[in-house]
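Labels for the chains are A, B, C and D, by order of writing; each one numbers its residues from 1.
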Amino acid sequence: MELATAIFYLVAAVTVGSAAMVAFSRNIIYSAFSLLGTFAGVAGIYVFLGADFVAAVQVLIYVGGILVLILFAVMLTHRITDVQITNRAAGRIPALVMVAVFIALLVQTIQETPWVKAKEIVYVPTTGAIGDLFLQSYLLPFELASLVLLAALIGAVVLARKEIKE
Amino acid sequence: MEHPIQTDYLRWIVLLPLLGAGWNGLLGAQLQKRVGKWLVSLFACAPVVFSFLLSLAAFFGLLALKPEERFLTDRVYAWLSLGSLHVDVAFWVDPLSAVMILVVTGIGGLIHIYSIGYMHEDRSYWRYFAFLNLFTFAMLLLVTADNLLLMFIGWEGVGLCSYALIGFWYQDHVNTRAGNKAFIVNRVGDFGFILGIFLIFWSLDQQGHGTVAFREIATFASLLQGQEIWGIGVVTLATLFLFLGATGKSAQIPLYVWLPDAMQGPTPVSALIHAATMVTAGVYMIARLNFLFSMAPVTLEVVASVGVATALLAATIALTQTDIKRVLAYSTISQLGYMFLAAGVAAYGAAIFHLMTHAFFKACLFLGSGSVIHAMGGEQDMRKMGGLSRSLPWTFWTFTIAVLAIAGTPLTAGFFSKDEILWQAFSSPHGSSWLWLLGVAGAGMTAFYMFRQLFLVFFGECRADHHVQEHLHESPKVMTLPLVVLAVGSIAAGWIGLPGIFGPNLFAQWLEPVLGAAHEAHGSGAAEGTLMVFSVGVAAFGFYLAYLIYYRRALAPEHFSSLAGGLLYRLSYNKYYIDEIYQFVFIRGTLLLARIGVWIDQYIIDFIVDGSARTTALVSWVNGLFDNYVIDGIVNQLADSTFAAGDKFRKVQTGNINSYLYVILGAVIVAIIVKLRYWS
Amino acid sequence: MAIGLTHYLVLGAILFSLGLYTVLTRRNAISVLMGVELILNSANINYVAFSHFSSGNVDGQIYAIFVIMLAAAEAAVGLAIVLAIFQLFHTIDVGAVETLKE
Amino acid sequence: MTDHVLTYMTFFPLAGMVVVLLLPRERHDLVRWASALFTLPPLLLAVWLYRNFDPVNPGLQFVEKAAWIPAYNINYFVAVDGISISMVLLTALLTFLCIFASWGIDKGVKGYFALFLLLDTGMMGVFVALDFFLFYIFWEVMLLPMYFLIGIWGGPRREYAAIKFFLYTLFGSVLMLLAILALYFSSEPHTFDMTQLIAQSSRYGTTPLHFWPFDHLRWGFQHVVWMALFIGFAIKIPAFPFHTWLPDAHVEAPTAISVILAGILLKMGAYGILRINYPMLPEATADLAYYFLGALGTWNIIYGALCAMAQKDFKKLVAYSSVSHMGYVMLGMASFTPQGISGAVLQMFNHGTITGMLFLLVGVIYDRAHHRDIDGFGGLAAVMPVYTGVSVLAFFASMGLPGLSGFISEVLVLLGAWQKYPLLSALGASGVILTAGYLLWTIQRVYLGATNEKYKAMPEINGRELFTLVPLGIIVIILGVYPNALLDLLRASLDQLNQLVIPHLS
């Protein structure tokens, strides 16, 4: 087994393992922290796929932004001193069955589909290319995205601010 | 193109009344208060009189030239110059406009003088004269403009003054509404007029000669032949557009409805604007552009048909009206119809001739009625008059002469001009015996209703109450003198345009350089004489009927009004309900359009922000305006509407997120299985 | 066996399933959101993998970036809602917040 | 002095703002006179500019250019040409008059006038800036004081109106900024210089776009940039459906601010399209002008007139009449004929003066009666004859009565539009009938009829109010009689502008 392959499996294991922690942990704090592993792992996967920019964005936004948000939310909605931090789960059996069926189908699909192969697989820096695309053929979605973010921002502020009851 | 003679006094014909208007408009109120009304009158009448003298000078200037060179022009400055569009502020006088400026300043001057007496008691004396002068300016601009766009200034300018003078006594909303109606109806006509200008300009521009100046249009008009727009010949469409303008200004079907209401203004205004000058602008315009109209036989047919139809329709309405001025108003519409009939059979000279004679006798009639109203203390209902010939002798005699003239009594002005029109309607290549017959029928009715008016007002017993009777008095000299001059004109003005069988037609010769030679009649002199006798006979019958009913009282009017169950009478008396129909179709139509807009917008909003209809209706009720919430609604009520949308859908919702997820997941699984099994 | 497209897709599928499970079973709104994040991440892996192995250009990565952006927006709004709900009901158990039902 | 005339005109009011801020708070009259004093030099310079402007030269005049941020190739670059000269004159005139129209402000006088002077600088800067970056900065400088002037000194619903105004225009600004950046990065070397961007206008081509919703249209980069700029400017014009901020902002704003809004701010939209969309994106202009300027403009004319007819609030009526009248500007621009485009720019100027008058006139009776309900007046002509005379002049000018300035521009627009779009021109001309309808109806309800008992003793218009109105009235008459006074200045530049687009028309 090559070193690269080994590292891939290692990263994949970290990703899946921490994702499983997220899914099964009884403590929401643990869940939240495990998410860090997943996000970092996925960033690693991106590196394997030659997507340097996306990997960086993954780390910046998921780890730096979303995860921190989630942690804040956890902290704000639970008194940290509580011994019992609930992370109740319900209906495990039907969920497991559904998920199992689903993953089986997915794997089958993955196996059976004749995926298109690229002519050559290259590892070049992608940041420049992505930047160009954003300002050319993806200009409109890009601008729309900025609008969506603005709207989300305002929406979040409006929703989360404390109502002052009269 | 021969070079016209450049002068620099023509501009003063036009500008003097403007100076008078400016002076009285800005300073009149103070002058009237500090110095007195005489100074206001002086500054109002003097410019018009001077204009008249200058017009005479221009007339004699033309007379001194050879017929084909009779053309004076005065270019003041370049007004607009953009791309191929070049418009000058330039005035011109040729035989046609010479007639018009003499009529406008001559009759206008008389009416100015008459107004000194008529308006003497009014508080806003200065305002009246300012507008009257402004009107004279606009009318002179209209007739002396050397291009269509400048003419349009005068065209709308006279409309403005008409609006202002109809609503002169603005404290009463009846008057202001009449003014609004006149202006807006005229705007519809102006809309056609301006489109006609655009069409002519651009069609000529395509040939490399874009212009709006009359003389250049005349030179290049032949280039328009064969051009089309929207599948219609350019000349036809342009002349139809222009004719729409003429129907507005000259009160023809379908836009005549404003003129009867315009009688709300002071009576001298009715005489000047709504009888003698402004309403004839359409006729003048068609005569001015006769070369274009002659190129469009379809348009000519429309013009003639509209003219004769208007003449008849208005005459039938005039038969039953009881308001002294309304009868005259409908008579004016009817006479204008005759002018358009003449123009429509390409007898432009006859139209202008009738325009001129009509200016005399109709001004005389209106001023006479003004004198009557003055004496009656404002009463306008003919049923309350009668027997006024004794107390108002001057008014009576001049009025009688004018009635004789309009009825077409031989040797009066109206006889010659109307006869000329009827003869042309019969004999012209564009004419037909039908047009002639309808015209004669109208002439008979004219004689009837005019003599009806004469008998009702001046003969018989006075039906006014005692208070009014005691105060009956003849008007002052300043009012009767113009009446006498106009009465003389009502007879003498016709003699310059004698029909072929009586002698040379000086008037037609005078206009020949502009309007072209009158066509050779294809009938003989004998035919003309026969038709003339016939039409006089019909008019005499109309007179006799009026005499029997309203003088001898041998026939009861009810005898006729109850014909066909009174239906005809009611139709005529109520003006065929045209006003009501217009009100319903156009005014309500516009408002309905707005409401349809409201409805559509509400529908769209309801579509976009589902469920917010109630709030929307509330806001719409408060604001009265829909567009506030097409967009605002989205902004302001997003939260509301989301909730409302949820409200509608909540019947199918349990609120349990997990259950939704199971449903979704199940569906996805089924979809994948189906895809794998059956489509792979 | 060299690491190929299939490996990444399977990894994505596993991650997706774990996310799905989280979303299905958790009663805590924040945990549900975490599950959604897992699902989004798995989709991104697929995008980037296809971009790398199949198309050979970076369009897939562009979409991944859009997804990340949307995830950020979703997290912001979602967590704001969670906070608002917490203020209102003093719990964030999704089962307890069923006022849509009458 | 004369080398920097535009700079002086732009920054004099800014200096005035500094001075006003240093004055003591309670000396109201001192603040007012100081403001008047600092808006007077720009007006005098504008007169000088008018007299020294070379009408034959289609290019830029009174150019000033200096490096500002060399790293990004940003310059301080101001100049005027035929497109902007009329707007510069209008701005100088209206701001000066509006200082006097603001005399009645007695709350926070110092702040009001300081913001007003800042606004003046922003507006003037927008019209003279020829560097995109500078343009954008002035654009934003103008928005901020406007927000506060409406939000603090406005009517009862001022905050709502101010926020609405701000959000709308901010949305437009964002799109505009993106378009500016797109143009910047697509130029080579990267530049904000408008003249260089115009010179490079052939670079953009129409490479089709491959993403929804543009994949089915033959749209290229420049069409998208055009649309972004257009929406930004259409909000200002305001074109349907971006117009709903206008009535609210007008109704709530104090009189002088309404005048500035209608007189100058609305023009920026049309000016921006002429200054930026036309020369920089001529191909997209040729493709899109019919739909987004011609047809939409005609729709504006009729829709605005219909909406105006339904209004009960005097100021809202005037606001909607602005929507209608700005439609003529759009229609004229879209015609690409010398008459149409000159008519459009002339209409921009005329609308500034006429609507300025109308708002001032509404302000006069609002100050006396404290309401603007059209049906609540009646018969004012008997009580206030001078006021009525001036009002009627303004109304008829707005109606496009021949002999007054509105007629010239409307007829030029419609005449110009007829050549390319006879149907749109005819529809636009029918708007004239509707305009006459609602304006005459308003005259009748407010000024004519029996005098309302409540206002029997209403004081006649005073000297200060007349002073703000008379100059505008005189200009309205002069431009109606002798339009070449302004048209001469515009002609050369606008013809040149037309020639940039015409080759691309199909």
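As a convention for this text, a contact is a pair of C-beta atoms (placed from the backbone, for glycine too) under 8 Å apart; a residue touches a chain by one contact, two chains touch by 3 or more.
Note that the coordinates shown come from a computational prediction; the quantities given were computed from them, not determined experimentally.
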Any chain that touches subunit D and subunit C: A, B
Separation of subunit B from subunit D, taking each centre as the mean of its C-alpha atoms, in whole Å: 37
Separation of subunit A from subunit D, taking each centre as the mean of its C-alpha atoms, in whole Å: 50
Inter-chain centre distance, subunit A versus subunit C - centres from mean C-alpha coordinates, in Å: 6
Distance from subunit C to subunit B - Cα centre to Cα centre, in angstrom: 76
Of all residues in subunit D, the ones touching two or more other chains: none
Subunit A, residues touching no fewer than two other chains: 90-91, 98, 102, 106, 138, 141
Junction residues of subunit C - those touching two or more other chains: 20, 24-25, 95
Listing of all chain pairs that touch each other, if any do: A-B, A-C, A-D, B-C, B-D
Complex contacts: residues of subunit A adjacent to subunit C: 4-5, 8, 12, 15-16, 19-20, 22-23, 28, 31-32, 35, 38-39, 42, 45-46, 48-51, 53-54, 57-58, 61-62, 65-66, 69-70, 72-74, 76-77, 86-92, 95-96, 98-99, 102-103, 106-107, 110-111, 115-122, 126, 129-130, 133-134, 138, 141, 145, 148-149, 151-153, 155-157, 159-160, 162-163
In the complex with subunit A, residue positions of subunit C that touch it: 2-3, 5-11, 13-22, 24-28, 30-31, 33-35, 37-38, 41, 44-45, 48-49, 51-59, 61-62, 64-66, 68-77, 79-84, 86-87, 92-93, 95
Subunit A-facing residues of subunit D, complex: 174-175, 178, 182, 185, 209-211, 214, 221, 224, 228
Residues of subunit C touching subunit B in the complex: 20, 23-25, 32, 94-95, 97-102
Residues of subunit B defined as touching subunit A within the complex: 658, 662, 665-666, 668-669, 672-673, 676, 680
